[in-house]
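Structures are listed in the sections that come next.
In the two complexes below, chain A is the common chain; its partner is chain B in one and chain C in the other.
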Partner chain A sequence: MAISESNVRPDFTKRTLNARVALFRRMGAGYIMIAPFLILFLVFAVWPIINSLYLSFTDFNGVKAGEFIGTKNYERMWGDERFIKALTNTASYVVLIVSLNTVCGLALAMALRAPSLLNQICRALFFLPAVTSTIAVTVLWRTIFTSADYGLANTILHFFGLKTIVFFSSPEWSIPILVIISLWGGMGGTMIIFLAGLQSISSDMTEAAAIDGATSVQRFWYIILPLLKPTTIYIVITGLIGAFQVFDMVYLIYSTVGNIGGPLDSALTIVPYLYDRGFTRFQLGYASSIAWVLFGIIFIMTMINLRLGRDNK
Partner chain B sequence: MVGSNRSPWLKYGIRIPVFLLALTMLLPYYWMVLGSFKTVPELVKVPPSFFITDPTLNNFYDPLGNKPPNHILGLFQRLTDAPFGFLTFFLNSLFVTVTITVLSLLIASSAAYVLAKLQLPGREIIFIVVVASMMVPWQVLFIPNFLTIKDLGWINTYQGLIIPALPKAFAVFFLRQYMKSLPDEMLEAARIDGASEFRIFGQIVLPLIIPALSAMTIFTVLGEWNNFVWPLIVVQDAEHGTLPLALSRLNSTIFSGPGTQGVLMAASLLASIPTVIMFLAFQKQFVEGIALTGQKG
Partner chain C sequence: MPVATLLRPLPTTTASAATTTAAAATTAASAATTAAVAGPKVAPGNVTVWAVGSEDDAKVFQSAADAFGKANPGVKVTIQPVSWDDAHAKDLAAATSGQGPDMITGGLSWGIEFGTKGAMVDLAQKYPDVVKNVQKLAQPGIYNAVVTRDGKVYGVPGDLTVMMMYYRTDLLKEAGIDKIPSTWDELTTAITKLQAKGSKGMASSWGNTSWLGWYGFLYGAGGSLYDAQCTKSTINSAEAVKSLQYYADLYTKYKTPTDSTIDFEGGFEKGDYPILMQGNWDVTGLESGHPGVKGKWAAAPIPAGPSGKKTAFIGGRMIGIMNFSKNQDTAAAFINYLYTDEAATMTSNKAAELSALWLPPRVNMVSKLQVPDDRKAALTAQLNDAGGPPNCKGWEESQNTADKKIQEVILNKADPQKALDEVAVMMNQNLK
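Presenting the complex of A and B:
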C-alpha cells in the first residue's frame, strides 16, 4: 500500500484520538479514585485547620456566633494561671517521659537483641502493654495506686516498712504517676523500634572493634550509639509529639478531681485544660487558641530536634 | 556475633534481672485477672492475696439471678438489666473499628496509587498538602469537626464516629512511598493490554503492597479500637458508645468502694483481650509493621 498523505493522516489522527480518549479515561479514573479521600480530607482535615484558626480569634461560645476579638484569646493565655500551670506540668511530664522512655527502650533493645527464645518471650512481654487500651491500662493502674491498704502499690510499700501514701491526693505524685503508667505502656514500643534500628547495623564494624580490643561498653558508646542516631531522633520526636498531647490518662484519673486538674492542679496538662475550656465551659474560641499554641509548641520542638540532629555530625 | 566477647557472667548477669523485669511487667496484668475473679471480701483483704482462695464470677454476672436492689452489679448484668450493656459497647467498638479500618485503607490506597503512579495535574500539590497536614495535632481539628458533625446532625450516630476518621493522611503518605517502588513497566504493560486503572489497581497493585497494607491495618485497628477522645465528644448516649467510653463511664461512676474494683478489673480484662489476642496471633506482622513505618517515617 502506497504511503501517501491521505493514507497516513487519517490513521494518525485516529490513533491520536484513541490515545487522547484513553488518556482522558485514565485521568477520569484517577479523579474517581482519589475523590473519596480528597473530599473527606478537605472537609475533615483541611477546612478545620482554617476554621480553627479563625475561631481562635473569636469569642465563640457554642451558642451565638463568635465575634472577632483579635488576639485577645492569646493575650489572655499568658495571664491565665491555670494555663501557665498546664504548660509547666506538661513540660515536666514531657521531659521525664521522653528521656526515660528512650533510655529504657534502648536498654531493653540492647539487652534483648539476640535471637533466642527467651528473648522473644521477654520482648513480647514488654510489648504487651503497648497494645492494651490506654483506658484499660489507666483503670488498672488506678486500682494499683489506690490509697486503701489493699492497693498493690501500698502493699509493696508496707512490705518494705514504708508508710501508706495517698497517691492521688498528693500533688507531688501526680506527674510521677502519669510517667510511670506511660512508661509501662510505652517502653515496649520504643524497644521494638530500637531493635529494628539495631538490626540494620552490620556487625562488621563491631566485630572489627572487638578484634582490636574494644570492650563492649566502648563498642556501644562509639559505634552502636552514633549509628543509631536516626532511630533515636525519630523516637525522640515522635515521643515529644505524643507526650505533649497526653489526655486519656489525665482525664480518666483526675476528671472529677479539681476540674480535671488533680490536687492543686498538679496533674493539669495542656490538652485536658483545652478540653475543660472547650467542652465543659464551651469557651470554644479560647480553646481553639490553646490548640494553636499547642501546635506551635510541637512545631518548634520538632524543628529544634531536626536541627540538632543534623548539626551533630 | 556482637557480644561474643562478653564473659558468661556478664551475659547471665544482665539476663536474669531483665527476665525478672519482664515478669514484673506482667504483674499488673496478673493483678487485673486476679481482681476480676475475687469476691468483695477478698478484694478488701489487707494485705491483698496473690492467689485466689474463693474464685467467683460475680464480677461478671450474678449466678443467683438476684433482682435489684439485692443484685450484684456484675458486668453482664449491665446487659440484661439495662437496655444497653457491656456487650453493646463491645460490638459497637468492633463495628466502628472494622468499618473505619476497611474503608479508610481502601480510600487511602486508591488515593496513594493516584499520587504515586498516575500523571494527574495537581498531584504534587495534593501530596504536599497531605504531608503538611500530618504535622497538625488532632486537637486543632477536633473542635471544628465537632461543630461540623453537630450541624450535620451526626451526634450520637455511627456515621459521626466513622466518617471523620476516614481520611488518614499518614496512610496515604506511607502507601504512596511504598507504591513508588513498584515497577512502572508492569503497569504500562497492563495498560497497553487494555486494562482499566481500576483493574490495574485491584488486581496488580493491591496484591503487591500487602506488607504495607498489613502494617497500616495493624496501626489503624489499634488506634481506632482505643480511640477515646472522639467518641467522648461525639457520643453522649449509651446506645452508640464504644468500649473505651464505656470503661471510662464505669470508672467514674463506680470507683468508690472496694467491692466495685472487681467489676472494674473484669471490665478492663474484657476490654484488653481482643487487642492482646490480635497481638499474640500476629506478633510477626506487628514487629515488621512497626519497623517498616520507622524506616519510611
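Presenting the complex of A and C:
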C-alpha cells in the first residue's frame, strides 16, 4: 500500500497522545500538589505585577478605571524633581550600605571564624539584630538620635565636649542615619553567609601558602577573597535588591501626616515616594510606572553584577 | 495624639468673614433646635464607620453611635478605629474594591479627595437639608474647608482641632513676665526672658517647621495662601514674607527646636519649654500624661500678628458616606444626629471620662465641655478666630513644595521672598 498522509497521521497522533498521557501520569501528581500554591502565586503575585505594568500606562486613581495615556507617566518622571531627588538619595544609600555591609560582614566573619566558644557567643550577638523587628529597632534608633536630653547619641557627643547635633532636622545626616541603622541590623546576617563561604574553602590551600611564606594579608587577598567571589556576588546582589527597596525606616522616622521624606526631602527614597504618590495622592498609575522603573534599575544592576562575576572567572 | 490633617487654607477674605461671623454663628447656633432636623429616613441595618484615630477616639464616637441606635430600633452603628498611618491606604482600598465601611472619617481634605474621584456621596446633592443644618451649626472656618469650589460636600466636619498656646504660669512669673504674650513682640520678649532664666524657651509641636505651623503667623500678618476666588496664590505677598521671616527667626534666633521627635509635653512638664504651641487636645490630655504640670499651666490663643489677627489653624476630621454603602439614608441620619446638642454633649462627656478632648465642630458647644473655665474661655476665643485649609485646586499637590521652601528658610537661611516666590509659581501651576 502506498504511504499517504491519511495512513501516517493517525499513528503519529496516537503516539503523541500516548506520550503526553504517560508524561502527565509521571508529572501530574507533582503539578496537582503544587497547584494550590501556584494558583495563589499567579493570582496574588504574577497577575498584580502584570496588571501594574498596564496601569503604568494609565491615569488610574484607585477609584475609577484609568484611561490609557501612553508613556506620559514615564515622561513625567524625568521632569519630576522629587523623583530625581528620591533616585539620588536611593543611589547614595545603596552604594554606602552595600559596600559597608559587605566589608563589615566579611571583617566580622574573618575575625570570628575560629571555632572557639567566645567566637560562637560573639557570632550570636552580632546576628541578633537580624532577627529583631525592624519597626521596634527603628523606634529605638529614633530615641537614640533624638536631640532631646535623653538622646544617647548626643549624650556621647557631649561627653566628648562636642555640640548637640539635631540629627533629624539636619539634611546631611538623613542618609548616614539610615545607613547606620541598616548596617547595625544587617552586618550580622552578612557575617553568617560569609562564614558559610569561608567554611567551604579548604584549609589546605591557605596552609600551603603559609608554608610557602605568604603573609596573612597575602593569603586573604590572593586566596580567600577570590574563592569567596560567589558568596560576595550573592551578598552584593541581594544587598542591592534590598537596599533599593528601603521603606520601613524612612516611613517610621521621616514621615508626617501628609508628607514623607524628612527635612528638604533629604531622606526621600524611591519606594516611600512611590507609596506617597500612589496611596496618598491617588496617582496609582504614576506610582506603578515608578515601580517598573525601579524594577528596571535593579534588574540592570543585577545583570551587571552577574556579568562582572562571570568575566572575572 | 490626634493629628489633624489639612485641607486648603482659607482665603483671607473668607477667613475674615469666618472670624467676624463666628460670633454671629455662635449666637445663631445657640438658637438652633436641640433635636435633629427632620432628615433622611432611617432603615434597620448595620452601619459600619471606619474612624481614624485612637481607640479612645472610637469610644467617644461610639457613645453617640449607641445613643443613635437606641433611638432607632433595628439600627446598629459600629465604630471601628483605624490608625492615622493606615487609614488613607485602607480607605483607598475600600474605594477601589467597592467593599468596606458605610462611612469613613479622616483628614478634612479626604472627603474632597475621595469624593472628587467618585468614592463618596455628594451630601449637598443627595441630602441638602442635612448639609444646610451642618452649615448653620458648624464653625465656619472648618465648614468652608470641606466644601469644593463648586459647592459639593463629600464629608462634613466630625470634630475639630485648633492650634493653641500653652504656657507655664509659674515659670513665666519667675522670669518676670506678668502678661500673657499676646503679640509677636511680646512672644519673643517672653522667650528671651525665659532663656535668661535657664529654660530653652518655646517649642512648636503641631506642624513643626511646616506650613501648618506657619499658618497662624501668615494670617496674623494679614497674609493668605490664595486670593478669595482661588484664582492665584498670594503666598508671596509682603505680609507673607514678613511672617515667614518672623517664623524662621523663632527657630534660628530664638532656638525653637526643629526636631519633631522630642517629647514636647515632657519638655513642658520639665520646664525646658515653658511656652508650647500645640493642638487643643492638650487642654485635657496634658495633666493625665504629665501630672507634674498640675496647677502650673494655662492655655491661651496664639499671639496676634501685626494685623491684629490671631487666626489659628483649624484642623479636624470629616465624616462622609461611601458611595457603595447600602445604608446611605441611615448614615445621613446619623450625621444629622451628630449635630444635635445631645450627641455633642455625649461625646464631650465620654471624652472627659477618658481624659481626652473631643471638640464638636460647633463653637456654641464649647460651653458644655468639662474643662476649667479659663481654658474654656481660651478655646472659645481661639475658635472665634480660626481658619481651615483652603479648598483651592492643587493645594494638596503644593503642600510639599511649601514645606520644603519653609524648611530651606529655617534650616539653610534661604531668602524668604525667593522661597515664597517659588512656592507661588508651583501653586499657580497646580491651580490650572
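To be clear about the criterion, the second predicted complex is superposed on the first by the 279 of 313 C-alpha atoms of A that agree within 3 Å, B and C clash if a C-alpha of one lies under 4 Å from a C-alpha of the other, contacts with A are read in each partner's own complex, and residues count from 1 in each chain.
Going forward, a contact is a pair of C-beta atoms (placed from the backbone, for glycine too) under 8 Å apart; a residue touches a chain by one contact, two chains touch by 3 or more.
Bear in mind the structure is a predicted one, so any value in this text is a computation, not a measurement.
Trainee: With both complexes superposed on chain A, which partner does A:160 reach: first (chain B), second (chain C), both or neither?
Mentor: Neither partner.
Trainee: Please indicate which partner A:135 is in contact with in the superposed arrangement: first for chain B, second for chain C, both, or neither.
Mentor: It touches chain B, and chain C stays clear.
Trainee: Is A:256 contacted by the first partner chain B, the second partner chain C, both or neither?
Mentor: Touch status of A:256: both partners.
Trainee: Check whether A:144 is in contact with chain B, with chain C, with both or with neither, and answer first, second, both or neither.
Mentor: A:144 sits against chain B, while chain C stays out of touch.
Trainee: A:189 contacts which: chain B (first), chain C (second), both, neither?
Mentor: It touches chain B, and chain C stays clear.
Trainee: Between chain B and chain C, whom does A:265 touch in the aligned arrangement: first, second, both, or neither?
Mentor: second
Trainee: See if chain A has more residues touched by chain B or by chain C, and give me that chain.
Mentor: More residues of chain A are touched by B.
Trainee: Could you look at A:279 and tell me whether it touches chain B, chain C, both or neither (first, second, both, neither)?
Mentor: A:279 contacts both chain B and chain C.
Trainee: Given the touch rule stated above, what does A:26 touch, chain B (first), chain C (second), both, or neither?
Mentor: A:26 contacts chain B only, not chain C.
Trainee: Looking at the overlay, what does A:171 touch: chain B (first), chain C (second), both, or neither?
Mentor: second
Trainee: Do chain B and chain C touch any of the same residues on chain A, and if so, which?
Mentor: On chain A, the residues that contact chain B in one structure and chain C in the other are 142-143, 146, 148-149, 256, 279.
Trainee: With touch defined as at the start, can you tell me which chain B residues reach chain A in the complex?
Mentor: Interface residues on the chain B side: 1-6, 10, 14-15, 18-19, 22-23, 25-29, 31-32, 35, 43-48, 107-108, 110-111, 113-115, 118-120, 126, 129-130, 133, 135-145, 147-148, 163-164, 166-167, 169, 172, 191, 196-198, 201, 222, 225-226, 228-229, 232-233, 243-244, 247-248, 251-252, 255, 258, 261, 264-265, 267-269, 271-272, 275-276, 278-280, 283, 286-287, 290-291, 294-295, 297.
Trainee: Would you tell me which residues of chain A are touching chain B in their complex?
Mentor: Spelled out, the residues of chain A in touch with chain B are 25-27, 29-31, 33-34, 36-38, 40-41, 43-49, 51-52, 55, 108, 111-114, 118, 121-122, 124-129, 131-137, 139-144, 146, 148-152, 155, 158-159, 184, 189, 192-193, 195-197, 199, 203, 206-207, 210, 216, 219, 231, 234, 238, 241, 244-245, 247-248, 251-252, 255-256, 271, 274-275, 278-279, 284, 287-288, 291-292, 294-295, 298-299, 302.
Trainee: For the complex, which residues does chain A have touching chain C?
Mentor: 61-64, 82, 142-143, 145-149, 166-171, 253, 256-259, 261, 263-265, 279-282
Trainee: In their complex, what parts of chain C are in touch with chain A?
Mentor: Result: residues 3, 5-6, 84, 88-89, 92, 95-96, 107, 113-114, 117-119, 209-210, 257-263, 266-267, 272, 396-397, 399-400, 403-404, 407-408, 411-412 of chain C touch chain A.
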